[in-house]
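Both complexes below contain subunit A, partnered by subunit B and then by subunit C.
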Partner chain A sequence: MADKKKRRRAAADSDSDSDTLQFKSKLKPDSNILQILKTLKSSAANTAASEKPRPLSELNLATACREVADLPLSSVQSTIESLALSLAHSILSGNGFSFSVPSRAAANQLYVPELDRIVLKDKSSIRPFANVSSVRKSTITTRIIQLIHQLCLKNIHVTKRDLFYTDVKLFQDQSHSDAILDDVSCILGCTRSSLNVVAAEKGVVVGRLIFSDNGDMIDCTKMGMGGKAIPPNIDRVGDMQSDALFILLVEKDAAYMRLAEDRFYNRFPCIIVTAKGQPDVATRLFLRKMKMELKLPVLALVDSDPYGLKILSVYGCGSKNMSYDSANLTTPDIKWLGVRPSDLDKYNIPEQCRLPMTEQDLKTGRDLLEEDFVKKNPGWVEELNLMVKSKQKAEIQALSSFGFQYLTEVYLPLKLQQQDWL
Partner chain B sequence: MADKKKRRRAAADSDSDSDTLQFKSKLKPDSNILQILKTLKSSAANTAASEKPRPLSELNLATACREVADLPLSSVQSTIESLALSLAHSILSGNGFSFSVPSRAAANQLYVPELDRIVLKDKSSIRPFANVSSVRKSTITTRIIQLIHQLCLKNIHVTKRDLFYTDVKLFQDQSHSDAILDDVSCILGCTRSSLNVVAAEKGVVVGRLIFSDNGDMIDCTKMGMGGKAIPPNIDRVGDMQSDALFILLVEKDAAYMRLAEDRFYNRFPCIIVTAKGQPDVATRLFLRKMKMELKLPVLALVDSDPYGLKILSVYGCGSKNMSYDSANLTTPDIKWLGVRPSDLDKYNIPEQCRLPMTEQDLKTGRDLLEEDFVKKNPGWVEELNLMVKSKQKAEIQALSSFGFQYLTEVYLPLKLQQQDWL
Partner chain C sequence: MEVGGSSESPSETKKSKSKTPRKTKDAAQTLKQKSPAEFFADNKNIAGFDNPGKCLYTTVRELVENALDSAESIAELPIIEITIEEIGKNQYNSMIGLADHGRVDEALYDDFETVKAREKRLAKEARIQENQAKSAALGKKGKAATAVKPIKSRETSYYRVSCKDNGRGMPHDDIPNMFGRVLSGTKYGLKQTRGKYGLGAKMALIWSKMSTGLPIEILSSMKGQSYSSFCRLDIDINKNIPHIHVHEKRKNEERWHGAEIQIVIEGNWTTYRSKILHYMRQMAVITPYSQFLFKFLSGSPDKNVTVRFARRTDIMPPAPLETKYHPSAVDLLLIKRLITETSKQNLLQFLQHEFVNVGKSHAERLIGEMGTDFSPKMAVKSLTSQQIVRIHQLFRQAKFDDPSGDCLSPAGEYNLRLGIIKELHPDMVATYSGSAQVFEGHPFIVEAGLSLGGKDVKQGLNIFRFANRIPLLFEQGADVVTRTAAKRINWNNYKINQTQDKIGVFVSIVSTKIPFKGTGKEYIGDDISEIASAVKTAIQQCCSQLKSKIVKRIQAREQQERKRSLNKYIPNATTAIYDILKEMSRAHASKKRRYDGKDAELLKQVSAQLVTQETLREKLAQHVEQVDYEMAMEYATQTGVNEEPREEIYIPPLEAQCSFTEFHSPIFVFRLFN
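And then the complex of A and B:
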């Protein structure tokens, strides 16, 4: 036994070189760090209370903007029925029929600093049926609306792919039915999830969270290492309860696994969530719901490259493609915890674990510097400038060069202790 | 209310065209179908009992073959320590050191019909340290073995990416450390999961299954629509219990969602599992464990294209890349339930929902016809011939052309009733 212990110590020492020790020695007792997190949580809760989501109408913006709402199925159904009635009236009065479709083009998008997200301006176009150039699109629009009406009656969820396959002859290509599905969201003024059309699930969640999924109570501390798959249909998620102090948003699967296996959420009460790369709609909706209902701060752990920050921004401010629904898809006030460009030198990440940025990386980085949601955060601009200047990037996994558990045992605790988020 | 009901009926009728009705009318009461499934289950259990997994040694094959075993961590540790001792002896006796590495080349692979899977023949090569051409590989091999030894001592799991980042200077590229990790599995004679190196998780499971994940009991009937993420580390999965009659293996996420939302497993007691596309190691191990412990028949629902059958074959017979571990990764006796090429005409899948096969598709299809694991199943050969001849493919989602719930309400029940699997 003593022999075994000695061997364990020897192994532990072997990956504790001077760098690891240098940072480990800075760590204070967990109770100090927990105190910091409690302060963070209550300030997040206060901000949430004072910062009532402001409706667009109150902002007095120079340009009129449009947003969609999360509607219950019965409202979607009656909205469709009213629309059908008005179209029928128009036809009967000899005017044929047409849809008024909000434009989702880049020129019709606006970043609103007060809201910290992208919204849609109010430009729309008329899509008449009796016109050679728009007859196909207006037919598809009508068919999609009819299919959505069926989903309302049956109260089931389907994927975009299912929708496409119900009328391949008309839709021809899934990109056509997908695009018009977004149009239909805008026409009806409701979110895509309200239409009961869901995306494939990708995300997982583990840690101090209890919630109901389709009527089943899920305790995410009892989900082993695999975690709970995030449900594709947010409208069947509810009853969120948690004693967590923060939400840790992780970009990559590998880092998530390390945190789940080490049960990081037991040492520092938190909820750990990942979309395994690009954020999908289900994970974005789930993160927002957690933030809103539990009023917890969100700290993000992403790769130190332009895509890491871009992913953070999609969670935070929305993607351009779905800006009409940004109010429901975005999570305000996400903090950039790491891995930040300045961490590379600060934590002595070895040269060989850093990667040179490609031309494309650099271009993406420079483009991000022009984005409003980056500009409004001077700390982010500084970090991004450093990244573009040093031309170096690094993955979260680069921390493994100091030992497999460096992430959970040194890096993250130290970051939390030093309140080192932006 | 009556009005609402009428509206519902009208909507239901609208997607019940003559085709749907034609097949719906063939459906017998669920009790009949359940009886068929019970018979299927008991015959699968009997087969499992009589078909004790035969060790390679008993088969008297003309060529010697090699397999790796699932070893407990302590055995991996002691195997590494013995290996280190023997290398030290070799060095001290003035012979330097070298590894004997089993070859994983295609020429060293063999399909064994008695086992119905691919195994590795016994060719190996010597990898000496004191040789310019192999010094790098033998150094990497030594380092990987040392890192695995650390994992044994700490009893933690890491990803291949983590492993790579512990010594980027030496490994240079992840493909180098990945390849040698497989070599190390073969050298130590154990599975990659025994080495505590896991792949990212991708699969989900829902339905009549209870199991423990890292000490937590998981009830997969209480996982809502999202299901439970399949854990990356199979060695922490255990205590499987189930009252299911079969396992339904689904290729795609969309079909899985339909089945989960409709709680298909409550109408026909089953366990529904998907890897969302290409089978990953964790899902393959999990499926095998379910099949072995619960002795349930496995029915596969895949796209009607060469990749659907290929995916089925990876679950069933293994991939060439990891043939050394085929005994632990493969699930014997998977039945091809659908969507099969013959279903396209049988179920009148509309022409516009079928897609023309590309040249690459046709080549993959013809290549599959040459594979031993296809040849041994005459029914599969016939279906595959039909596919290649008709040059048509179709996704599971094509069934949505008869209504969103056609899959769960008509197609699958009818398939089960008619025992229409191969």
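And then the complex of A and C:
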């Protein structure tokens, strides 16, 4: 079926303009590209085998760092209970109560090049009840802890939205309860998933992947165009099998749609994942699990703007907000396939598809240049410098100016053939 | 207008001759002369006489501003009485000697209601009533019963506006020309002046002539005169000359000096009521040393308004000085005018004495630069137009020192502050006076005041704009002050909430030439970067003065509300902790989990109801109490004893006849009694 499609496509393309042809003619037969991808996969598998995850304690870092672990429900419960007892004792002895909350501010973050991810340093702040500025937060903290305790007793999962709606009057805004939830997992020293609180489904996956979701086998090639929603709690996911050669990470829903509809994964066996913008915890956990179990190389397709690179860095090195759990959330060794600032000229993307960068964009770009996780990769620094200098950005959709299927038929195959990733 | 024929070249005359036959065909195109008075009668909108309402407003402001100028010119603290009296149609008719006519043919009038229209209206009223009854039955709180709109009457209303001041008065013989001749003033030189149009009461007189035909009445007396002058006159618009009805000397026994002007015009009080009152209030802010009594009288006593703006200080800003033009501020026409008016003989003296910032040596250098056909001793009146163009060019290109602001008379921080306090009674006030700056050769000074809270102030920004010490009320949106305050000041930086707080922004700009925008001269454009940045700095300076006070006030409020805001959360926190304890004690009792030592003890107490939610609540409340007490102590030791709020009072001297010397500073005045 794929062959038939290809023939039809070739006929349709015969009248396309010279620009498209110029790049199309460079394309070698798919078998050559597949060969390249196979070597990529095997080398990725080899490095993954040789690289053992190094625990933080072995690194002898100058500052102490805080990391959380996946805890079983019973130990979460007992941690909460001993915390509650100490709070009660403190109140009964007339001292009020307070929490010691690890700080998640930017100053308390550290990029560890050996691990290639951000970790949280051990600075923490006291959150006393009897203080006007922290009374609200400490009250919300007690309330969240009590709600988590109930979840432990009943052994059920709820969403962040559910949690918010149990006491709207106190929480006022979901962003408040969400932020405190992260604080609580820091205080208790466990991952957010072990608190049995999940976020709503956001990410989707399609392609050559079979896994079990809560016991049901899912074949991601047979999930229609939209693909399979990534389950919010990773515990449900298991038994991953795949014949894919690589994982393609896509920033945008629109590009994902194009790839899924064109069944790109049938031409080049791959798994396509998107979180539709900034990735949520579930997508990051899922990507990491795929990478670890299937030992596949990960290639990223993001917009050519500072936010594209930022999203890439969140998958790769973790976000500052959840750096305490970066060990479980990050996927090492993600390659930046496109759309890179240098591609704009390389692929003759027309002027009308390029956008001028705003002041805010430029500032974000310059800030990124200062970040360690960008600096460690000279290729990225070069690309980012080019972007800031040309003051132009472009979305993945800019490629549609050569035809809607240019992305799947010319751009990506050519990129793969030239091994043009950083 | 006559064109000097001698200078015209023959070829040009030929051309114009060839054109003339065509022109003569057009019989209607005869050359007509228009008197200045006619011009202003035709274009009364440029002087602020757009519609009857605005005419009433502008008449009031012209009279008030003339009165203030007059009193200030003799350094007398102004006392001004303004009265607007509504005149009914019958009264007006009897005034002009017209018999009252009732309507005979009702259908002739515009407000006549035809049978069809009447049916329509009645049907509509019935529908509205039905709807109201329905919503009332449903218990809905609908819109308050909308009063049925009264049928609009096209009747014009007439007002007698009178203004009495204690100023200089006018010389007996000059009165007719001062009122009855437009553009008759012989203002020479340059000065910061109040009037925007320079027309004053003359324009009001033209309007009264147009709308009512009634003459203006003037009673005036100068200091030391044993008589007062009374004059009743109107204006011959075609000839631009006064038409005198009565001009006589009357007895002046109480030795009153000043002027009282009375004029009857068409107007509209209902639509411009708030504008006129705002104007009076803002005038009171910027001139706290004057006393205003504003009265509105009408047939129905419930509509009458009497507002008294009391004097708050007896310090007046010094009168603005006359100054010379700055070389970079003149144009060709102005140079020609200066040449015809000058008393100086030669070019050197002319440059030296008719302009600021041109010294003798500087003038000599300038003349040297002009070229070979100029010399210091050449007669200034003999300059050709080409030579004048050369002078003008040089003035544009050469560098001159900026004019100083000495000739300006800003309101002063002292007066601005007192004015704001007097009229708004704000919780906080700050003022700032910038140094003189220059725009296109004219010096300007920007002063700003900022108030928070107060009486009759709405939430959000309240902008008060003053140009040369008169309020600007119209076209606020495009003004530099409005734009700056609304867009370029980050109020949050100063802990001011732009939408919630009652913010009063007062900006007064004085200059020898205010760069007004638009025909109405009602606003200053936002495109002059010098003025925009000066306004921004002035407002920001006020903001930063207030910031520390605001922070202190917020702290004090937090101090008071701390206990309440802490106690508010006690039930939430204790319930959460107690719930966990209860679950634990249940597990403990059923031996599912084991606890040791004091933990077990605590859980036992929970099971036995010895420790309840109430216990936790009480203990936490006690703790809050203690913390609150400690922090209150700490706050008290830090801030010291609370200052009692002081009441600011002003006691005017009963007999202001002591002689003294005043030492002025921007923020205070020191008086040395001799």
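Following the convention adopted for this analysis, the second predicted complex is superposed on the first by the 358 of 422 C-alpha atoms of A that agree within 3 Å, B and C clash if a C-alpha of one lies under 4 Å from a C-alpha of the other, contacts with A are read in each partner's own complex, and residues count from 1 in each chain.
In this section, a residue touches a chain if its C-beta (ideal position, glycine included) is under 8 Å from a C-beta of that chain, and two chains touch if they have at least 3 such contacts.
If you're wondering where the values come from, they're calculated on a predicted model, not measured in any experiment.
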Touched partner set for A:Thr142, first subunit B, second subunit C, both or neither: second
Which of subunit B and subunit C A:Leu153 touches, first, second, both or neither: both
Touching partner for A:Gly96 - first (subunit B), second (subunit C), both, neither: second
Contacts of A:Phe129 with subunit B and subunit C, given as first, second, both or neither: second
Partner chain in contact with A:Ala84 - subunit B first, subunit C second, else both or neither: second
Chain touching more of subunit A, residue-wise (subunit B, subunit C): B
Subunit B versus subunit C as contact partner of A:Pro29, first or second or both or neither: neither
Doubly contacted residues of subunit A, that is, touched by subunit B and again by subunit C: 149-150, 153
List of subunit A residues in touch with subunit C within their complex: 80-82, 84-85, 87-89, 91-92, 94-97, 129-132, 135-136, 138-139, 142-143, 145-146, 149-150, 153, 170
Sites on subunit C touched by subunit A in the complex: 558, 561-562, 565-566, 569, 572-574, 576-577, 579-581, 583-584, 595, 598-599, 602, 611, 615-616, 619-620, 622-624, 626-628
Touch list for subunit B against partner subunit A, complex: 7-8, 11-12, 14-15, 149-151, 153-154, 156-159, 161-169, 198, 200-201, 204, 212-218, 221-233, 236-237, 253-254, 257-258, 261-262, 276, 350, 352-353, 395, 397-401, 403-405
